[in-house]
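Down below are the structures I want you to see.
Both complexes below contain chain A, partnered by chain B and then by chain C.
Entry: the complex of A and B
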């Protein structure tokens, strides 16, 4: 093994060590949560804490899932996140396309303005939204919550999709137009399929933004449309903290997004690298 | 092909979501039908009210729908809805300390507070319910810190002999500050601690402040007088600090949940804790069956606790005022139903008296005695209370637990902060 190969190997080793440290750093809280969900109630609060359960039990899952309102909140979370993602993409894709293709001064102002909305604390818009939805007869509905969540995910969607559209050469669209496509047809038949990885990434981010959102869910829902993050928080009460049930429900709640991410993993990787190299 | 499948799946999911979005699937909310009232409640309090709600439905036909929210979230939600001027609930369960902040948004309940009602409630609870000359909340359950101790350790003959030899009096559940200190020191050995110190919460220190005989709990309701910095407040803070050497390290960060865990795990021999905990000790806890309870300890001014009451209030903007008032009256009349819940929290003296001698309710007598103690006073009715707690009291207590802390200087600084908050 020559000097160059040795240097390469040691660089690789260092890289792997750093990578492993990062994975442990990110992964440990989830692993600990997973292990806690299988502990007996008294073991979840052991002092000092133990990593592995001395006796594995699914009692926490039974307790969490049999709690009134949990199943309904799960359905509400799915409905709200799906709807919010759909609204976000429906509005975000054309907006991002227009901004990148027409390059007007107003467009530049619009995209900066979209970013600025991300800097407004959600609680500031929460109270007015509460009144607006009540006046519209939409209080405690998933559609109202989805619209509220869209205020979070839409700016993100516009910015993400703008960067993906930037990477698509305009010649592709021109070719489609020569073949008889309208501008919208070219967007639908050529640009969006080419950026499908980016759309998947945007969809996942929009879905996650809604799936994990807590404040709007707390303010805008009551009985009918309450989502799971609020239900999970309810395990901590003024009288105590039910760690076992809380972690069990948090694990169950994580499963759909993990599956979704795995399902769309190929598109996500493609999307994240799209536009990274300019040809 | 895959792309098409994904597009179809996404379209179907969106269509389904859209179809379900108009309502949500969690059940129906209140006001539209007129036969359901919505009660906004902290998640832990739901179970206390459920038996009453069930009976109310049987008696009147009006259903009761609970909206459970976490403690901090409930405050935010109430604040938002009251600010917006229209509310989504008919009844709200309010922590005692929130009553002054929401006094203008909830309806007066003077007609419910008859002489008989006032007689059956602890004086501190009646005082707390009255904000600005009007009764605005009906007590639904009350609580107070009491003394928890390990019966097995206190009854151990070897411990009794050793304790008497060292301190010159019998080992028994402490009733005074000095006895509490002695017992805490005695049991701090072999990996066990005598007690805990809760730096992350203020109520324990407030109880100690009342135990000195202090009658102004930090600040008078009109803000004209602040007791921080006086001799009593210094005594209370010094006593709290003196427990630190018999408590697990890191006391500045210990809150209720941590203290509860330490005691239930058998790491502390004594704890001053809310009365409800007695019925919540896990069956598989090492201390289960070994716990004794007694009234709160006494300082130079006598026994004192801090009443931890919750009240039912009716928002002025509520659409079903009559049904809501009916529920409040029913909840008061049937208060004893809550005694049979997991926590067993009630508010009426008669409900506590009915169960105090029954097995499993050993915590009731210490609770009654503590709430009846002459030094027990409620927290001040100032709308700034939560800010005073978060920004002044808790940081002050945490700093006082640092080695070498100057308690008098901390109290003086805290006094200035409180004065600037309430002026």
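Entry: the complex of A and C
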């Protein structure tokens, strides 16, 4: 730890209290959503609102999950995110490796171009994409949506993986090559296994990018391939303001990824900060 | 294996392709590895982008396969006379500034707090992560629920502690004067963690003896912060703010689900206006012109930010 750490006990206590307050405030919205989802449907909009359910019930969950299209949308979300992650890694790993290991002019151009694509607002490419997928006969399919989501996650994957590959000493591959590995073999058998933690982080970010994405899902899917974020958004327009069911569905959709985060938090922190700190 | 790898990192890196024998093939090999990803980005971002820019020069019927009429810069002339567009552009800037400023101040404060508390604060750092994983659409929905007047918990709590007289005193999302601030709250809630984590990681990399020396010289905390920490963190701050600024300027889900651009268009940013013009009003030509201006502005701001904050020439060392 560096010189910023406070040593005096009294000031440390005060800081702990401040931190506790900050954490409680920061965590409160989600906790409140969790509590609300267990209230009786009518109690969710009671005036004045209560913090705790007066009676704990899963009625909201039952009504949210039994609605038509909700289960199907979960399947779509999982399929789309998995597909998108697979495409993103398949394309991104070799590209990131090429950029970091060979340092060609083309590679530098490529990585800057990838950064620029990150700045393109989805609304700009979404509608032309719609006609591309229509021409390919892929409208309203999970594949089309996965491809669209990969346009978001691929640049990110390339940037993340470049930072991880950067940390691998090139002597490691030299050794592999002397042992008779081809360059591709060295990547596949030596470099990727060594950076498996980084690959996992990249996969999680690619998955999350797709799992949480809304605009492409709204534009590119109609019924068959609709993912859960679109269904959640539709709750309000089609069925009036059914807060109880909405909170229940939002909880069901968010809890798996939050648990995943807590489980893999150390890796995720590494992934989030690598690109920015190492530049 | 790990030890060996760790030991090797301290050796100076050999310039890649230094052996002339493999030079050309290495370059080709690298190009070959980049080809699939490059082709993918060209087809699914480059091509739609090109089409979008071209569409901006046409008057297009809203039905698929409908007639197109070339109008040159007609759409551009229209949009710069369009009060909706100008207003939305300013709103987008204001929204991004609100989000980034508050996130930076809060994020830095929490990062300093974490640093001051040392390793023991690790558990709390985890808690701080979780909003990053939540879908923006869910966050927007959640905050709309929290901020709603009548049965929203925020106004109720404010009333309980005596800040408000009644729970309908602040109409967060239905008062056009404050709605733009209110819709920014979920965005801030979601991604302040990102700034905190990045700045915290940056703070860890600052050599402790530097701060120690300043302390021995009797420097106050504010001096250390403004004279040592912030200048050293400059590249990290630059990246974090640029990334977040661009994201904030593209915000769509969070605003759509909370207010759908209302009340009285007070939260209609460019993303929403383009979406509305394209999908609801059925004027893809005009929407494309708007989007092109939006895109160019964004790239210009990003490049300017990178150049001015990063300071060309003094490239950061790893």
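Observations
The criterion applied here is as follows: the second predicted complex is superposed on the first by the 226 of 279 C-alpha atoms of A that agree within 3 Å, B and C clash if a C-alpha of one lies under 4 Å from a C-alpha of the other, contacts with A are read in each partner's own complex, and residues count from 1 in each chain.
Simple rule for what comes next: a contact is a pair of C-beta atoms (placed from the backbone, for glycine too) under 8 Å apart; a residue touches a chain by one contact, two chains touch by 3 or more.
Computed from a prediction, not measured in an experiment: that's the story for all the values here.
When the shared chain is aligned, chain B comes close enough to touch A:41, but chain C does not.
Of the two partner chains, chain B is the only one that A:225 touches; chain C does not reach it. Set against each other, chain B and chain C differ in how many residues of chain A they touch, and the higher count belongs to C. In the superposition on chain A, A:29 contacts chain C only, with no contact to chain B. Of the two partner chains, chain B is the only one that A:69 touches; chain C does not reach it.
Once the two complexes are laid over each other on the shared chain, residue contacts for A:127 go to chain B and to chain C alike. Residue contacts after overlaying the shared chain place A:176 against neither chain B nor chain C. Within the superposed three-chain model, A:140 lies in touch with chain B and out of touch with chain C [touch as defined at top]. Of the two partner chains, chain B is the only one touched by A:79; chain C is not. Judged by the touch definition given at the top, the superposed model places A:234 against chain B, while chain C stays out of reach.
The interface of chain A with chain B overlaps its interface with chain C at residues 45-47, 123, 126-128, 131, 134, 215, 219, 233, 236.
Listing the residues of chain B that touch chain A in their complex gives 3, 10, 13-14, 16-18, 20-29, 38, 40, 42-45, 65-71, 73, 76-77, 80-81, 83-86, 88-89, 95, 256-257, 260-262, 264-265, 267, 274, 276-277, 280, 282, 284-286, 343.
Those residues of chain A that touch chain B in the complex are listed here as 40-42, 45-47, 69, 72-73, 75-76, 78-80, 82-83, 86, 123, 126-128, 130-131, 134, 139-143, 146, 193, 196, 203, 215, 218-219, 221-226, 230, 233-241. Taken in their complex, chain A has these residues touching chain C: 1-6, 12, 15-16, 18-19, 22-23, 26-27, 29-30, 32-33, 36, 44-49, 51, 87, 90-92, 94-95, 97-99, 101-104, 106-107, 110, 113-114, 116-129, 131-132, 134, 147-148, 150-151, 154-155, 158, 166-172, 183, 194, 208, 211-212, 214-215, 219, 229, 232-233, 236, 243, 246-247, 250, 253-254, 257-258, 260-262, 265, 268-269, 272-273, 275-279. Those residues of chain C that touch chain A in the shared complex are 5, 8-9, 11, 13-14, 16-17, 26-27, 29-34, 36-38, 40-41, 44-45, 47-49, 51-52, 55, 64, 110, 112-119, 121, 124-138, 141-143, 145-146, 150-153, 156, 159, 167, 189, 194, 197-198, 200-212, 215, 235-236, 239-240, 243, 246, 249-250, 252-253, 256-257, 270-271, 274-275, 278-279, 284, 287, 291-292, 294-295, 298-299, 302, 316, 318.
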